[in-house]
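The following pair of complexes shares a single chain, chain A, combined with chain B in the former and chain C in the latter.
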Partner chain A sequence: MRNKINKKQILSLGDRYRIYVLFVLVFVVMTLFAPHFFNAWNLTSIMKTVAMNGTVAIGFTIILIVGQLDLSIGTIITFAAVIGLGLKDAVGYGVSVPLAIIAGGLIGLINGLLVAKVKINSFIVTLGMLTALQGAIYTITGGNTIAVTDDQAFAISDWLQHQIVPMLTPRVIIAIVLVVSFSIFLRRTRKGRNFFMVGGNSKTAWLAGVDSDKYTIVAFVISGVMAAIGGILFAMESAAATLNLGTNSLMYVLSATIIGGTSMAGGKGGVFRSFIAVLTLTTLYNGIVLLGLGNEVQIFISGIILASVILYEAFVEYRHDKVVGQRPELLKELNTIQ
Partner chain B sequence: MKKSFSLLVVLVLALTFAGAVFANGGSESSTDAAGSGNLEASLALAGQVDALTAADGQPLIKVSGTGREVPARPADPEALPEDNPLHWWDMEFAGWNSTKKNIPDSPKDGAIGKKVIMIVHGDHPWTTACINGATKVADVYNMDFKALSPNWDLAVQNQMIDQAINERPDLLLLIPLDAKTAPQQARKINQAGVPLIMFNTLPEAEAMDYCIAWTGPDDFGQFRKLSHLWADKLGKEGGVAYIQHAPGGSPYFARYWGPRSELAEYAPGIKVLDAQAPGFEADKTQQLVSDWLTRFGDEIVGICAADDSAQGLGISEALKKAGREDIVVIAAGNSKQGMDLVKSGDIYAITYQTAEGDGALAVKTAADWFNGEELPPVRYLPQHMITIDDVEDFYPPQW
Partner chain C sequence: MSDLEQNKTDLRSVSQTGFLKILNVAGIYGVVVLFILLGIFLQLLGVINNFMTASNMLNIVDAVSMLGIVALGMAFITYSGHFADLSAPTTMALTGIVAVQMLQFGFVAAIVSAFIVGTIIGLINAFAIGKLKVNPIIWTLALNYMTLGVIRVIWANKQIYPDMIASSEKAVELFDNIYRLRFFNKIALPMIMLIILVFLFHFVMSKSKFGIQLKITGAAKKSAEYSGINVERMIGAAFIISALTATLGGLTVTSLSRVGAWYNGAGYDFKAVTAIVIGGMTLAGGRGSIIGVLGGVLVIGLMNNLMTLLGVGTFSQDMIRGIIFIIVVGLNAKSLRNLGRDDA
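Right after this comes the complex of A and B.
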């Protein structure tokens, strides 16, 4: 009996901390087999790549926790980069960067208001926003990449790539600080836990006096701001904003967030786990390249991982439903209490 | 229990990363066969490289024999109107007057056994052919050659550049994803002390300062020449429309402003009706051309496309449906679809743009640098226009 409980506990822990297990597994395998993987330069390169999508994943995780979806994060990344770099010559980074972040927040606010107040499905709202922003980006830029090549821009770019402590550049540190802050906020504060309640059970949230609309709107604003921060910092480091800068981020962040254990049904997830999931995928892709395998292998393996996680989640859900079906008296009891 | 587990996880992560800090950096480049013997053997391989052929039977390496006539740079090219060819001087001749910075000296110890990493822009049949051509030359020199593709993603390309620097190759070959992102990428590679040759996509002029050389098609020159053929066929008058490349890259400017600015002088009677960038899907191009035919009717007599495959097919379908085979079409080539359309008479002329030769020329230039050869800042592929008269010479197609 004791053994059985321990086994269950271990399985439960394995499920809860699967992303950490996966990360350690990927890391160890790549260290053993991928040439040039385990050295400071390469690990710094991994961390730098994680910085943008890791930041964007914060907002996206909160969106999923409140039971919504934000398809516009990729275009917000690009939009913020275009605003931040495009206005640099006119007003300097001191003004253009805050403006880019505010623009991201405003876009999130519009998304949130349309979802929470006008009651339009978040898929439709953010898909519409994605298309509208793409048009805006092409109109503003005339279809051209925005680049900054003056000495000041290069100096800032160099500083953003400079390691303040080993393997941690300013962009990576900003991402980690944001991840830790939001993890604490969501887990340790009442307001933070309310996001889970809104996404997990809106009726309970209503009974508890939690304003679901407000939390939904705030979630979209956070998502917009995080996407903008990720985008503008990446563009400043690259000294350029291409028009498809954020195009691949949506699938990347979506995959990582789900692999990290955040439920698309809402009410469950964690910012730190999403960050570790982004780190895991980036480590995996990095190792695949070092192993001399092509892009097609990356796509194939990430597809396999994502499909496995979704299948596993479906299996857990099925098992849960089955348990409820096998013990109907418990359900009846629960209904009587309610 | 949960706290202990979390602590354990954090500890494992911290230890692994901390350990990495003390781990050695990237390995050194592989120049096992360095020395004068290697140089002599490397120089002796020149004939073998010259004898290589591409899939279409054409010589794999064909450096533009006559070079390019570079006019004097105007004081302020951008002040000139866009339809003045000299307005595009900085882009068209990027690299010709660059001030090289921190360029490493050639080791002059031969190309055999050198470690060369090639980073391309993304997956495409053209890219596959390009890598095939590069591999053919690399194989002759027995190079430790690797090609990486970031699949059109700038973040991934930047990461690949970091990874390539980490591997400390003897030389890095790069197709920048975007002309304007190239300066910072080239600067970073240069500062890391890795010799760099850029190819295919023309970068912004600043990027040229940080690379040994640039090799690739003379896109502007090709399209200026192609536009003459087109104008002559049109009798130097009538309305024309342009289907553009993806905005931002050098082909966008070379394949639109190249012919447009050229014809403003060579055939001022030709009027530009419209220019659009529908992307690289045949159905979208077909729709665009159908709309033009409705809108402009008999006024439109010519179409210039930035791509002879998907765009070429879209144009051909739209013209057939409207019964307007009289319209003279030119395009950048030379894909299988494009050459088939030239053969069938749907396209009047395309540029010869060897994909295999593009990759091969980059590797050959790297080999020349290892051999200590004095290199020009820019090395073009040869110019040639393919028409129905000689299209058969370019079969089977490279991609």
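Right after this comes the complex of A and C.
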């Protein structure tokens, strides 16, 4: 009996820290086998890639925690970049960047209101938003990349690329600060804990005096704002907003969040783990490229990893469901009688 | 509150319910008629030409026939309460590219192997979602990604062309004809497939034992389980049907583009969901009908046609489509709630 509990505890610990183990594994393997992997330049470039998707993953994790889904993050990233850079010549970054972030928040607010108040399934709302925003982006830009070419924009772009601390550029630092503060907010404050409660069981949360609708709406707003921050900062660094900027982010962030151990069913997950998962995936992709393998191998491997993580979780749940309500000690007794 | 006031509020709620009831019964076909009337109106005003002509009407159906085929199969998944099959795009691409590759052994081999591959994908989905109860959205998204990887690794990012692979001219011609064959010089083969599928699936979903069991599974899974329905098999069957219609769609798309490539079928996942949900199926499951889904497909076709005739740009079309999608679904959800037929 005692032995069994220990085994269970180890398994659950393994589950919780799975993503850290995975990260160390990927990192060690790449260090050993991928040429030119372990040097300051490459590690910096990994961290730069992590900065955008890591920020976006914060919002997406919170959305999953409250038990919803946001398919529109990819287009919000691009939309914010287009707004921020497109309005720069007219009003300057001082106004256009906050505007871009507010736009992201507003889109999140619309999503949230439609989900919580009109009670349309979030899958549908954000799917409609994805289509509508995609159209809006192309209508605004006419299908062209927006580039800013004046000195001020280049100066800011240079500053964003410069390493304040070795290997950490401003964007990376902003991402880490956001991740840590949201992590603490979710874990350590009552309001933060309420997000988990809403996602775990929204009826119970409501009965316990938590306004579930409000938390759902706030989650969507956070998701919109985070996507906008990720997008605008990335665009400012490259001084250009391409129209496929956020295209891959949905799959990237969704995979990372799930692999990081946040549950689609709601009520379970963590921002920091999602961030580490983004880091893991980015390291993996970077290593694959350095190993001389193509984009197709990257897609294939990340598909396999995501699928196996999902299947593993489902299998654990399946085995758990099978023995729920069974009383092994009574069965044993029955056997000894016979 | 006095009696009089009580009466007043009742009356108002009744009249409101009356309107919503009409909306609910006429459903998507109300919207279809609305769009047709709008088209006629605009034509009378002289804003657009050639809307109310037989060939334009045929064009509308022709343009959405492939979407219709995919959506009709996927509707079974929505009906069973499992949202959608987001692996449809790469199922279409994979079955198409496999068919083109197998054309070297003749037309029949190509079609058979495409359906075998489609069935395998359906079985994988059926096992993962029916048996292991994985969340259908992330699972089908992950499988979509994985299948995409498989296609791109095996065919090394290349496209393949039927006429360069096939063993005989005859096979190429037959394959091209999947999309191009016209009956009476007008009615295309995909349209015939669509009509046959509508009749067949309508019967299966609303009249057969399977359909009724699937409805109970979608509406109340636990109750279905306790009343002796093999829920796992029902859900699995829905995913296999969807994979098979995706195969049919994939073959048609590949025949249309005359090229087997990984990007064939891109976008069909969300388009099909749009059609299904506009057609009155709710994601909660157990509600809606095949006829409704057909209506949803027709609305999308009409909308695209009208906007193109009006000269609305492709990208603005996306924007309008997204907004109309949310509005229609929102109204539908509201009408169900006000009629007391939905607790959500």
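Everything that follows uses one rule, which is that the second predicted complex is superposed on the first by the 318 of 338 C-alpha atoms of A that agree within 3 Å, B and C clash if a C-alpha of one lies under 4 Å from a C-alpha of the other, contacts with A are read in each partner's own complex, and residues count from 1 in each chain.
In this text, contacts are C-beta pairs under 8 Å (C-beta built on N, C-alpha and C of every residue); 3 or more make two chains touch, one makes a residue touch a chain.
In this text the structure is predicted, and so the values were computed from the model without any measurement.
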item: Superposition on chain A - do chain B and chain C clash or fit; value: fit
item: First, second, both or neither for A:Leu311, with chain B first and chain C second; value: second
item: Which of chain B and chain C A:Ala240 touches, first, second, both or neither; value: first
item: Which of chain B and chain C A:Ser302 touches, first, second, both or neither; value: second
item: First (chain B), second (chain C), both or neither touched by A:Ala147; value: first
item: Centroid geometry (CA): angle chain B/chain A/chain C, rounded to a multiple of 10 degrees; value: 70
item: Which superposed partner A:Phe33 touches (first chain B, second chain C, both, neither); value: neither
item: Partner chain(s) touched by A:Gly294 [first = chain B, second = chain C, both, neither]; value: both
item: First (chain B), second (chain C), both or neither touched by A:Ile120; value: second
item: Touching partner for A:Asn42 - first (chain B), second (chain C), both, neither; value: first
item: Gap in Å between nearest CA atoms once chain C and chain B share a frame through chain A; value: 5
item: Set intersection of chain A contacts, chain C complex versus chain B complex; value: 138, 143, 294-296
item: Chain B-facing residues of chain A, complex; value: 9, 13, 17, 20, 23-24, 27, 31, 35-36, 38-46, 48-49, 52-53, 138, 142-147, 149, 154, 157, 161, 166-167, 234, 238-240, 242-245, 247-248, 282, 285-286, 289-290, 292, 294-296
item: Sites on chain C touched by chain A in the complex; value: 83-84, 128, 131-135, 137-139, 141-143, 145-150, 152-153, 156-157, 270, 273-274, 277, 282-284, 313-323, 325-326, 329-330, 333-334, 337, 344
item: Footprint of chain A on chain B - complex, ascending; value: 1-2, 5-6, 9, 12-13, 16-17, 19-21, 23-27, 123, 146, 148-156, 158-160, 162-163, 165-167, 177-181, 183-184, 187-188, 204, 206, 247-248, 252, 277
item: Chain A residues touching chain C - in the complex, by the definition given at the top; value: 69, 114, 118-121, 123-125, 127-139, 143, 251, 254-255, 258, 264-265, 294-297, 299-304, 306-307, 310-311, 314-315, 317-318, 321
